[in-house]
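Below, each structure is written out as structure tokens.
Across the two complexes that follow, chain A remains constant while its partner is chain B and subsequently chain C.
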Partner chain A sequence: MPLVRKPSSQAPAAAPLALGEGTSEQRWSAVRAAADRPDGLALLADALSRESDPRVREAIFTGLARLATPESAALVVPYLRSDDANLRTGAVDALRAMPQACRPHLPTLLADGDADVRLLSCELARGLPDEEANRLLCDLLERETERNVCAAAIEVLAEIGRPEAVPSLVRCGTRFAGDPFMIFSLKVATERIAAPARDRR
Partner chain B sequence: MNEVDPVSQEELRAICEFLYRRTGMLFGEAKRYYVQRRISDRMNALGIAPFRTYFAYLRSDADGEVEKFVNAFTVNETYFYREDHQLRCLSSDLLAERVRAKRRGEALRIWSVPCATGEEPYSIAIWLLENWPEVDVQDIEIIGSDIDTQCTAAAAEGEYGARALMRLSPQLVEKYFVPAGKDRWRVVPELRQSVQFSSANITKASETRQHGLFDVIFCRNVLIYFDDASRRVAAENLFEALAPGGFICLGHTESMSRISPLFEVRRFPDAIVYQRPLIGGNGAGGKGGHSNG
Partner chain C sequence: MAETASKRILVIDDASLVRRYYRDALERAGFEVDEALNGVEALEKLLAEPADLLIVDVNMPQMDGITFLRSLRRQAPPIASIPALVISTEAGPHDRRAARTAGANFYLVKPVAQDTLVQHVSIMCGLSA
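Moving on to the complex of A and B:
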């Protein structure tokens, strides 16, 4: 048998350094350790405001998601309006990973003045309990004028929608009556809501 | 089995939260029956009732109960040569690329985590012996790790029933196993000595770091049990455990792209695998966007 077992000579990783110092490898290690510290939130907040390496930033978002408090979610929320698509995506993924912490922020986010923020927030609503998500998304559909935001809300409702959501979907349809894509999306959503749960997926 | 009174919704929530904090595994109301069965098994094994007495016993970790409880929740059924297209990818593409990246004489390190009762790491060893021409000249280290210590103990024993061997040809069974009773076979000693086993929880960086850097990690069908936050932590721990340029193979229903942007997707003829970039990390928005309409 030629396979050989060898004892590992690998040394454990070095202790993390301060978050703002060193190479990206060292900063990565430092931010990964930060969530376990009592002052982790402040450390991660500071690191997020300064960090430019995408990989380290991803670890900061994970650390904030691990903390999963409304305060850690509040630190991530501003990045939903970043001009950097990677940062926006990172922020959405981090918030999606802490649905309970994200919950208190959603009504405000779904009413944000920035349509892109409202659109991304529709996706976050998917992580709420169905009843709450339905209520928030139906409220949005009743007032929303941006087609893409409505389309995002309809997509989520197609998956988690309850019969109570149908009137809001129908009223939304009247506003986009000349738009074939929206008509199709609304048809799919209402049909799926009407279907027995076992047939939905 | 004696029937134990069903746990209440609040009790279920409490014990699921306990399990989540310890393991990252998330069970909710939909898994009530699964959770109830395992609680009942432990309470019957200990002769403890009612539930609140058992929960107090669990939280005090009397007689290592936390480990036994966690062991009861891990899914251990697997078999040799499962998803063998990834093994083919390993011998056809992955190892050659890793060999080119290594210094002469440096060991190739392969990690099977979680390894359950050892079918996967032994499969890797057998596959390489049968299918990789360089197996005789390379120094290969195969490690199997699992959070369930009863599993790793069983893996080190290397004894299996017919169901676990169903994908192996009679020739392979003859070559790498010896009979161990009715419908039981044991891995031959040389092969058992070629695989090391250890305990590891992939959501704990302190545990994954102890294992050093690997060229290839097989981490199949476990991330599906985690919630989003634990999946992200596990992905970062696995990223750290890979040498730059190293590969990770997930289960066929799993996608690292949906968990973390740190890895690059590599498409080979036999499998799609994920790679730690040679320099730094990806983290540059490898995932699909969120645009609509």
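Moving on to the complex of A and C:
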């Protein structure tokens, strides 16, 4: 056994301590390296909770999206509630980039007590297989009272909706009968669903 | 109708159904309508061809409406002086103030009826409503 261990060529360039230290450029480099480490998830989670530089935060979200596990998605989910619009956008983009990892969280997110979270989750449902997305969004439309959340669900269903979604859309329309935009949206969505796929636009 | 046909409106909103709703109303009133999905795309389109009026959403990916308006007002004329009608779900006085400060000329809260939209666009284009 050699007394001196040879330096491994696989060793990450940045030490984990640099995640919370140094210039934003150094932290950005450290974050990029952290995603490849076995303990990357814990390192990125810790960094995300403390980081304020938008570019470094973006790199952290990218790193978590690269891991693409239910655990990395779970770390991103709370940031959908952030008051900081950039953090919310970063979280949505990261979750959108890992649709399979995001999948187990969506039923809970679509039933969240915060209407803004439900609204953002409608967009995330677009990444699911069509049948599953239709089922989840129709369930939401049946119970949802917030106009903007319904509008977000209709927006997605207008693109990926299946004929089974039409009854839920019609019932939603009865709740917003006095709202010209909702009436217009529901009409367009049902027309698109009825049209052959090649004619949808 | 002859007056409105010479006016080009750029609708900036990430929701396709919202863009279609505005386009439907404005084209029926005779306006020429173009669309952008966010502030970045809007600036690219305006640099290629200026518009007579902008309809701007606030919450959009890539570049939100407030950032877009700030950037718009820093452009060279005539782009910097294009009037902007912000239409947002955000109804608070802080949101209105932020839009005005960034360069919005008028602020409406969604939902907006189509005839209300045409009326505001006509007035802001200097046409009789």
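One rule holds for everything that comes next: the second predicted complex is superposed on the first by the 184 of 201 C-alpha atoms of A that agree within 3 Å, B and C clash if a C-alpha of one lies under 4 Å from a C-alpha of the other, contacts with A are read in each partner's own complex, and residues count from 1 in each chain.
Definition applied: a contact is a pair of C-beta atoms (placed from the backbone, for glycine too) under 8 Å apart; a residue touches a chain by one contact, two chains touch by 3 or more.
Source: prediction; values computed, not measured.
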Contacts of A:42 with chain B and chain C, given as first, second, both or neither: neither
Touching partner for A:170 - first (chain B), second (chain C), both, neither: neither
Comparison of chain B and chain C by chain A residues contacted: B
Partner chain in contact with A:147 - chain B first, chain C second, else both or neither: both
First (chain B), second (chain C), both or neither touched by A:158: second
Chain B versus chain C as contact partner of A:194, first or second or both or neither: neither
First (chain B), second (chain C), both or neither touched by A:181: both
Chain B/chain C common contact set on chain A: 85, 89, 92-93, 147-148, 151-152, 155, 181
Residues of chain A defined as touching chain C within the complex: 85, 89, 92-93, 147-148, 151-152, 154-155, 158-159, 179-182, 184-185, 188-189
Residue ranges of chain C in contact with chain A within the complex: 15-18, 20-21, 24, 59, 61, 64, 89, 110-114
In the complex, chain A residues that touch chain B: 1-6, 8-13, 24, 28, 32-33, 53-59, 61-62, 65-66, 68, 85-86, 88-90, 92-93, 96-98, 119-120, 123, 147-148, 151-152, 155, 181
Residues of chain B that touch chain A when the two form their complex: 107, 109, 125, 128-129, 135-136, 139-143, 188, 190-191, 193-196, 205, 209-213, 227-229, 231-233, 236, 240, 260-262, 280-285, 287, 289-293
